[in-house]
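Paired with subunit B in one complex and with subunit C in the other, subunit A is shared by the two complexes that follow.
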Partner chain A sequence: MKYWIGAALLFIAALAAALSPVNEYFFYAGYVVLTFVVLSTAWNILGGYAGYVNFGTGAFFGLGSYSAVVLFKALSAPLAVQIVAAAAVGAALGFGVGIMTLRLRGIFFAIATVAILFIMETLMVNWRYVGGATGLQLLRPDVMAPFSSYTRMLFVVMALLAVVAVSVARYVQVSWIGRGLRAIRDSEEAAESSGVPTLRLKVFACTISGALMGAAGAPMPMYLSFIEPASTFSLNWGVSALAMPMIGGTAHWIGPVLGALLLGSIQQIVTVTISNEINVLVVGVLLVLFVVLAPDGIVGLFKKWVRYFR
Partner chain B sequence: MGSLLQVNNVSKHFGGFTALAGVSLEITQGERFGLIGPNGSGKTTLINCIAGSLRNDAGSIRFQNAEISRLPAYKRTRLGIARSFQIPRPFHSMSVLENLLVPLQYVAHGKEEEVFAILKKIGLADKADALSSQLSQVELRKLELARAMAARPRLLISDEAMAGLSGAEVDEVLKILFDLNAEGITIIMIEHIMHAVMRFSQRVVCLDAGKIICEGTPASIVQNADVQRAYLGA
Partner chain C sequence: MIFSFDLLFEAILFGILLGCFYAAVSIGLSVSFGLLDVPHVAHPAIMVFGSYCTYVVAGWGLDPILAGVVLMPAFFVLGVLIYRFYYETFERRGSEAGVRGLAFFFGLAFIIEVGLILGFGVDQRTVQAPYIGSSLALGEYRIPYRMLVAFGVALVLTAALTVYLSKTFTGRAIKAVAQDEPALRLMGANPVRIKQWAFGIATGVSALAGAMLIIVGPVEPALDRLYIGRTFCVVVLAGLGSMTGTLAAGLILGVAESLVLMFFGASWAPAVAFGLLLVVLGIRPQGLFGR
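And then the complex of A and B:
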């Protein structure tokens, strides 16, 4: 109950900010940070809970973006439809990746997800309808009331997606599914012989994770008024979606949220004040520091700190 | 007593290597059954085929008169076949209690009190909240058995639950297994510690190079020339 009140208050705060006269740049940057909240939360369902490291976040995200573009171009579908469709496509890809875990574990699974990223990018580069390698300029539709700009509206949409993603991740964590996924991470064979239907749970986790990543990608083309394959299927999405939960802590749903808010904000600040290239460096340095000094992330540090002072 | 498990002509190959070559055996309800054999003779492969971690290439495995050799492992656990692992595989990020909650939740659908009763019986009650990665070797063995018990099995397969334990610890684990058997659970024991398996088992089968070379009471097994050759290489 406390969780739902907190989530509702945060969403209302985001909505109120979007309707207030706060500087437009805040929403421009905030949208990206919220996208990272969704992506890292989605990544954590598979990577954190079940221990299957996915480097292909960009594949799901990009496929979501391109699904939205296709629907927009072909049918002028409204944003809500684009998001739902992108989630469905992401879920389908996730289902396929889930079946893959039958044969591939550990590092081999991670490599396969990188391959999927490149396959998706190559497909889109060679598809004329969505602009091929040069990309596609998109004309935003009129903004809906009560919002004064399209960016503000997208910010609220992404805030809603973030609430949905975190709620799903939280449900998975505290339910019987979460315990089964943790058992899989610790020992897949022991989990199976303790009655856990490992394949079914892994496919479930992949599908949910993929759906959320796809949904996160859907509003991106409208946000940029543009789409092109190289940046849409960038490996950076996957690296950030992995680094953020690691920094925040993978065992608890709040971990990826904290990691995304912290790292996402730092990235935005660094991009503006120093340079766009440095922000990739920041991710790398922070990830190394946390993996070495605080392998359980911010959540782990906090727990240690509480135990120490009690 | 009726038949619980029938293994019929089961074979398993890994590439060109034959791990099991037509093994057949039958285990009756409530039996204490010992499985021995030198290293690499196929003991663990056989119980992996029974428990479902591996699929047998040929032959049939029937449990309570139903064919199970194509079922995934988790379904066999739900039917009543539980196992411990030779090298303990605890869920290391969980407490001892949580380790047992996994099968309780996924198989037995029971209440938490049941888990406490099992821990008490096995002698891990004071460790319920300890992280399983901090347990000693004998505690890990007990955890393996406790976790198997939480699935409320009819057949418990104990894969070298005593390897590497001291004499007193072996007696402790042996007593646990005797008690479980007294409650009506059929037990297959794989063991290298001869005095333990001989004391425990009502019937013993000896495997060598994927074949059963001898079957009988513990007393007759130790007298058997083939068994002596397999073990001593004489």
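And then the complex of A and C:
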């Protein structure tokens, strides 16, 4: 109950901010940070709980973006429909990849996700309808009533998606599904022999994770008013979506949220003040530092700190 | 799509040359991932780093292949250090090392890539040598000398590593550590030192592979991303740790990619390695020559 009140309050705060005369740039940057909250939360459902690393976040995210663009171009579908469709496509991809490679060891799944990423990029590069390699310029529809700009509206949409994603992750964590996934992470053989339906749980986690990543990608083309394969299917999405839960802590749903808020904000500041390359470097260095020195992330450090003072 | 047997023949010929090159760039990974079971996703990044080191050393007036050979000891030491660090931080701690080890190497790959961007910029780099730019005319076919050089070096490298692993004492120990580590420990050998040595060799070979990479074509910092697919495709298709399998798998990939390049165009070529990798993972994950 406390969780739901908190989530509702945060969402209302985001809505109120979007209706207030705060500087437009806040929403422009905030949208990206919230996207990372969704992506890292989604990544953590499979990567954190079950221990299967997905490098191809960009594939799910990008496929969501392209699904939205196709729907928009063909039927001028409204944003809500685009998001739902993108989630469905992301879920289908997650299910397919999961069925195919989640029987194998984690490293093979990880490599398969990289493969999916590049195959998606090649497909979109060769698909004329969505602009091929040069991309497609998109004309935003008119903004809806209470909002004064499209970016503000997208910010609220992404805030809602973030609340949904975190709630799903929290549900998975506290339910029997989460217990099963944790058992898989600790020892797959032991889990299997104690009657945990390991493959079914892994595929389920991969499907949910893919759906959330796809949904997160849907509003991106409208945010940029543009879509192009190289940056949409970049491996950089993958390293961020992996680094954020690792930095925040993978065991608890709050971990990826903390990691995304922290690292996402740092990225926004670094991109604006220094350069995009340094931004990737910061992610890489922080990832390696945390993985080596603080394997349980910020949440783990916090727990240690609490224990130390009690 | 224009089809003729001349084009087909040319594509297969080029594919064989390319395939040997792919085998050579994958053979380091075949040792580090195939035999030692290290999730070494930074292998292509280290190779591209080798290309840039070759670029610098060749800039002093050395032949690029010689530069690659000169760099091998330094890369050997680098490999030993990387494995030592990986072992102390992840492998020894046992459970859950998989996720963190993977994340570590992924992060390392990005750090190397950005480091190269900061040091050299995003422009493509090439090296100069007499055999780069000219080609051998065989009747109506033209084979670029750079491909022939890469082909030759690749064959020598693969043969040398195969002989080393099957005929020498240390080489057999490396294979033993891959087959049954506890048994090796019971025989009184130290598996960690053997793995460290093997990882060093795998990384040392990457320096020469990097030299070939920059001979075959221009190199840019983000090139490692494409080679994640090619190298892992070859190693998985080969069957983990099989050296002759690596050569065969390299040839399969090379010919497949060359055919797609010839008949469907360059924009489809990057997907070949990744598609083949997915098919292998889906149908026969133990590879062609798997144990």
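By definition in this document, the second predicted complex is superposed on the first by the 307 of 310 C-alpha atoms of A that agree within 3 Å, B and C clash if a C-alpha of one lies under 4 Å from a C-alpha of the other, contacts with A are read in each partner's own complex, and residues count from 1 in each chain.
Everything that follows uses one rule, which is that contacts are C-beta pairs under 8 Å (C-beta built on N, C-alpha and C of every residue); 3 or more make two chains touch, one makes a residue touch a chain.
Nothing here was measured: the structure is a model prediction, and the numbers come from that model.
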item: Room on subunit A for both subunit B and subunit C (clash or fit); value: fit
item: First (subunit B), second (subunit C), both or neither touched by A:L281; value: second
item: Contacts of A:T101 with subunit B and subunit C, given as first, second, both or neither; value: second
item: Which of subunit B and subunit C A:G195 touches, first, second, both or neither; value: first
item: Angle at the Cα centre of subunit A, taken between the Cα centres of subunit B and subunit C once the superposition is applied, in steps of 10 degrees; value: 70
item: First (subunit B), second (subunit C), both or neither touched by A:A251; value: first
item: First (subunit B), second (subunit C), both or neither touched by A:D186; value: both
item: Contacts of A:A110 with subunit B and subunit C, given as first, second, both or neither; value: second
item: Subunit B versus subunit C, judged by how many residues of subunit A each one touches; value: C
item: Subunit C versus subunit B - closest C-alpha approach in the superposed model, Å; value: 7
item: Those residues of subunit A which subunit B touches in one complex and subunit C touches in the other; value: 185-187
item: Touch list for subunit C against partner subunit A, complex; value: 33, 39, 41, 89, 95-96, 98-100, 102-104, 106-108, 110-111, 113-115, 117-118, 225-226, 228-229, 232, 236, 267-268, 270-271, 274-275, 277-278, 281-282, 285
item: Subunit A partner contacts - residues on subunit B that touch it in the complex; value: 51-53, 72-74, 77-78, 82-83, 85, 89-94, 98, 101-103, 105-107, 147, 150-151
item: Partner subunit C, residues of subunit A touching it in the complex; value: 47, 51, 53, 55, 100-101, 104-108, 110-112, 114-116, 118-119, 121-123, 125-126, 133, 185-187, 235, 238-239, 242-243, 246, 250, 277-278, 280-281, 283-285, 287-288, 291-292, 295
item: Complex interface listing, subunit A residues touching subunit B; value: 176, 179-180, 182-183, 185-187, 189-199, 251
